[in-house]
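What follows is a set of structures for review.
In what follows, subunit A forms one complex with subunit B and a second complex with subunit C.
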Partner chain A sequence: MTIPGFILRNALRNKRRLVLTLLSVTLSLFLFTMLQTALHEMTQPSQTEESSLRVIVRHKVSLGNALPTKYQSRIERVPGVRTCMKFTWFGGIYRDPKDFFPQFAVDADKLADIFSEAKVDPQENAAFIKDRAGCVVGIKTMDRFGWKLGDRITLKGTIWPCDPVLTIRGVYRGGIDETNLFFHHEYMDELCGKWGVCLNFWIRAHRAEDIPGLIKQIDETFANTDAETKTETERAFLLEFVSMIGNVKVLINSICSVIIFTLILVTASTMSMAIRERAREIAILKAVGYDGWQILGLILAESFGLALTGGFLGCFGAWFGATMLFQYVNIATVSNGMFIKLEVTPHIVVSGMLIAIVLGVVSCIVPAWSSVRMSVVTGLKELD
Partner chain B sequence: MNAEPIVQIRDLTKLYRHGEIDVTALDNVSLDISAGEFVALMGPSGSGKSTLLHIIAGVDRPTSGQCVVQGTDVAALNETQLAEWRNHHVGFVFQTFNLIPVLTAFENVELPLLLTSLSSRERRAHVEAALELVGLADRMRHLPRQLSGGQEQRVAIARSLVTDPTLLVADEPTGNLDAHSATEVLSLLQTLNRTAGKTVILVTHDPKAAAYAGRTLHLEKGELLNGHDDSRLHSA
Partner chain C sequence: MAVPLRYNFRNLRVRWRLTIATMLGIALVVAVFVMVMALSQGLKSTYVSTGDPRNLLVLRKGSTAESSSQITRSEVRLIKYLDGIARDGDGEPLASAEILILINLDRIDHHGSGNVLVRGIGPVGLRLRTSIRLIEGRMFQSGLHECVVSRKISERFANCRVGEQFRSGRTLWRVVGIFEAAKTAYESEIWTDADEIRDVFKRNFYGSILIRPVENSTMVATMIKRMEADKQLSIRVLPEVEYYIEQTKTAAPIQWLGSVLAVVMSIGAAFSAMNTMYAAVSARTREIGTLRVLGFRRRHIYVSFLLESVILALFGGAVGCLFSLPLNGMATGTMSWTTFSEVAFEFRVTPELLAKGMAFALVMGVLGGLLPARLAARKPVLDALRSV
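Entry: the complex of A and B
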């Protein structure tokens, strides 16, 4: 027998309690990892080289207020702007509300430049630009509904008073979201009665260094107008969507704190019972020559083992689960567009494992320390 | 009795504090125990015999006085030194056996050796020898629940012997055993004293058990009763 073998025997002595404690640690850390992953997805939008060059212009009052489309030509003249595209959330229904996927009205000839990470066959893109009632659809939505090029689909407007009938002219692949549908802004405008508005302008800057000056100049250009603008980077713009839901970060972190606190109480209770039950054995170990620190080491190692095993199962279970979920389930559809993907980052896994380590120490330190301080005679008296 | 004293106790006093009241467990006890002796400590409950045994074995500390065991002033050692000292010099046998239930007889006996620098092979040899000595070589893979009370106590004796200590202390080792098993255990302690030269200190209520010792010391209300020194040897 070895010391690790002895620790393992002690840990396995009450299998039912071990399994239940392990399950509570595993499930709690699984939940923690998934919640942190969701929070990460909401608060840390993916940043690519292309997205770092994108700037969004919206109404200063709110995301829901529209801007006049006539702003476009003035924005295009601002130094540093390479492309400026109208961009409007259509939010129509295809067949049934549960068949949700994101739809946007855009400037067809500028789409490829603004979202250059989304690749469209040049011939398909040309066909899309040429057909005012054409659209480009992400591969995931194409696969989801079994569509093919040339298919005609009808979207029923819910925000905008029109029902565009669109012909699929192209499929795009790549980018962080392969579920979108893009169609001509002019077509929507025409169907709605030429209101001459759009929700945003999406800009591609020439260089990242141009962006601060560009933002300042655009907002100054439209200051003191009926529709003042707020110009911001894509990242800041996406984060505003999250802030519209409320202080999600505080909410999720509060839930995580409660989970961890409860977990510590449950594990501390288990370890406390396990150590108390062994008071006599601890006294015997001391009597045969084990000192207080060695006893502390044995108890800590057992607690660590339990917490780390639970942490490993919980964190890596979440990583595996999220990977599988992302592979077989359309996250964007299930979450109504709130999440594009679910990626358990190494940082989150490390956080989960660090919590497991802290749990290993905190849950047993008080009863373990009492055992260290307990005299052999006191321990021996417990037996009689 | 002319051998070198292995235990030298001078003016030993132990007070326990219960709330506001000091209870005297040992009152100015002085005694010598020679190497190779088999001493029985007798007395009624609360007489201080277990306290005296605990102080000699280094698991309790006196309030005043001196307890020198094998030339070491036990009370002067810190907890870590004391634990190491116990591992090398003292073998414990308890009334309730106190084997670790999840370990086999072999592993229970091996437990004190895990603290030494012995190799796995050397540990195995020591454990097998100790179990052989107590007549349980064929039970080494059994868990404590698969052994009888007498066998469990013999495993506990093997555990106390495995580090080859000079001093064996036994606190009511037959208290939980039937007559037959008690005789086996006491005979074993006597054999270890006679053939292996171990110094044995036995705490007991039972005069029959004390009869196995070479000398019997009586304690009452924390005092050693002078002149009450039975030097009978049990001839089993």
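Entry: the complex of A and C
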């Protein structure tokens, strides 16, 4: 019998126990991976080349206060600004509050330049720009409601007192969030009675190096006016939003530590059970000439194998689960827009596997060491 | 006669290492469940307890939040003097035209900032809310840029203690008082005068009107019908209590997290309980044989092992509940998805939640014990006695 064969036989001696332990390792690491993925999603907004060029201007008092649209031409004159677009959260209801998806009023002709990662067919985009009551919708929302180009939809305003009727002129694919709807800001202004305000301005800078200077200059331009501004990068803007949700990081990380602690506890007690009942065999192995280190190696290999298999199943189960969830469930809707994509990053998988490795060592080291140190005579006396 | 319970207790004590490990596992699962649920419970009860059942809230038609609703001044004039609104001793109608705005304030440790709701109230606004109690300082006076801050907000945001000032909208606001509001959603707000707010933040409209109708239900019903049908008014009237209950949906993601965690973790813990019980059964094969010879029936053995598992789990559950108790009353905050502002609230570990935690433990114990107990009950007597 080969050494690996021996280890495998030992691992399989109590199949029921093996399966149960394996399942609890798998479940715990599955949960760990999922929670870390959710945390990552919330605290680390993904950054691309395009998003690092974006800057957002909002009212200094808070996100809930609107800015005068007349600021737009002054922002456009600030050096380093390539495009400046009005951007207003519409937050209307389509059919029923349950059918929620994000809607924004924007400058139609500037949309493609600001969100360049959201790809729209050039012809569709031209049609959207031309039709003042037109809109562009993300592919996810199109599929969700089974919409086609040319369909007309009505949104009931909850924040803005108007109910725009929009014609779908284009579909976009790509970008972080494929569920948004964009329509003409002018159209909203007209319906709501020309208030001359918008919630934010989204800016695309020429180069990333221009951004610090540009932020400073915009805020200085509007200092001491009735509507002072706060300008920040897209990343800072998103992180601030996340920080509002509360101390999610502490919550999720403490849950994760509890899970890992419990897992170590449970696995260690199982392993010690498995090793202690083998005291006689270990004594025999020693009697036939294996030294302590070799035996320790055998036990460690078994425990490692168990932990790593569980870790592998758990992490990849989570990866598979997250992918499936992303494919078949509209996560953005279920979670109130908190999660947009669920991506199990390699980093998370690696930390899950590292935990499995630590688990493999920690869970067996104490009982393994004590049974290895046990004298052959005591070991042989043990009844199984 | 059933196998005495003492037998089970003694067995748990003999294998104390395994017992403690399994118990702690179950305890931690129960503790996590109770804690997460206490979070969502605290958030929910904040909203559920807010509002006076006698009050009605008037919002713009189609509006879902006070902070984004607009009521014009002419609408306010029309609504205020409607028949059916109660009046005070001086003949003044009990209607408070209010405005809610969102302001961004630095957190108390100056790490980051958060959105806080500032409520501008009318002269009778306080009389419509009996839960407000000043605990420090005095009420604000109109026209002096004074405000009162809830205790929770003053503990979470910078420059919000009595005597301090914070800047927002080109004005310095002086804090003159701290209030408590019986753990309602008002405890996440700053209060000042409505017209001052409108002036400083350049709003030519109000956000909502809080009214107290007379205590005559038929009259109130006709008033509401008339208000909502009035072509001059584009408004929505709903009981104040209902408006806040709608906002309990803010707690939905937390509740979702709690349920998913609880289910997955308890399956894991049930596996470990099962492992422990299988070990117990195989270690006691001879004892089982002896019990059978003494005259105990298969079902006695079955019940005995199942009970042992349940006892183990219930102990774990109790320890888990104990772990979660210190959390009760701890202050925390999250963002309301309705107003995008900070809601300050407290963890609430209620007896109901503890009972749910224990029920979870019970389920884990039963799930973990069923199969091992069946195995124990089915052992043939002779084989069991022969085993070493």
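Following the convention adopted for this analysis, the second predicted complex is superposed on the first by the 381 of 384 C-alpha atoms of A that agree within 3 Å, B and C clash if a C-alpha of one lies under 4 Å from a C-alpha of the other, contacts with A are read in each partner's own complex, and residues count from 1 in each chain.
Simple rule for what comes next: a residue touches a chain if its C-beta (ideal position, glycine included) is under 8 Å from a C-beta of that chain, and two chains touch if they have at least 3 such contacts.
Keep in mind it's a predicted model, so treat the numbers as computed, not measured.
J.: Is A:Ser375 touching the first partner subunit B, the second partner subunit C, both, or neither of them?
T.: After superposition on chain A, A:Ser375 lies in contact with subunit B alone.
J.: Is A:Asp96 touching anything from subunit B or subunit C once the two structures are fitted on A? First, second, both or neither.
T.: neither
J.: So which one touches more of the residues on subunit A, subunit B or subunit C?
T.: C
J.: Answer with first, second, both or neither: which of subunit B and subunit C does A:Leu63 touch in the superposed model?
T.: A:Leu63 contacts subunit C only, not subunit B.
J.: Mind working out whether A:Ala287 is in touch with subunit B, subunit C, both or neither, as first, second, both or neither?
T.: first
J.: Of the two partner chains, subunit B (first) and subunit C (second), which one does A:Arg9 touch, if any: first, second, both, or neither?
T.: first
J.: Which subunit A residues contact subunit B in one complex and subunit C in the other?
T.: Residues 383-384, which sit in both footprints.
J.: Would you tell me which residues of subunit A are touching subunit B in their complex?
T.: Those in contact with subunit B are residues 1-3, 6, 9-10, 12-13, 280-281, 284-294, 375-377, 380, 383-384.
J.: Looking at the complex, which residues from subunit A come into contact with subunit C?
T.: Going through subunit A, the ones touching subunit C are 16-17, 20-21, 23-24, 27-28, 30-31, 60-65, 91, 93, 97, 156-159, 161, 163, 224, 226-228, 230, 240, 243-247, 251, 255, 258-259, 261-263, 265-266, 268-270, 272-273, 334-336, 338, 383-384.
J.: Quick one: in the complex, what on subunit C touches subunit A?
T.: My answer: residues 17-18, 21-22, 24-25, 28-29, 31-32, 36, 39, 60, 62-65, 67-68, 70, 101-104, 112-115, 168-170, 201-202, 234, 252-253, 256, 261, 264-265, 267-269, 271-272, 274-276, 278-279, 332-335, 337, 339-342, 388.
J.: Flag every residue of subunit B that touches subunit A in the complex, lowest number first.
T.: 54, 57, 59-60, 79-80, 82-84, 86-88, 92, 94-96, 98, 100-103, 106-107, 110-112, 114-115, 159-160, 163
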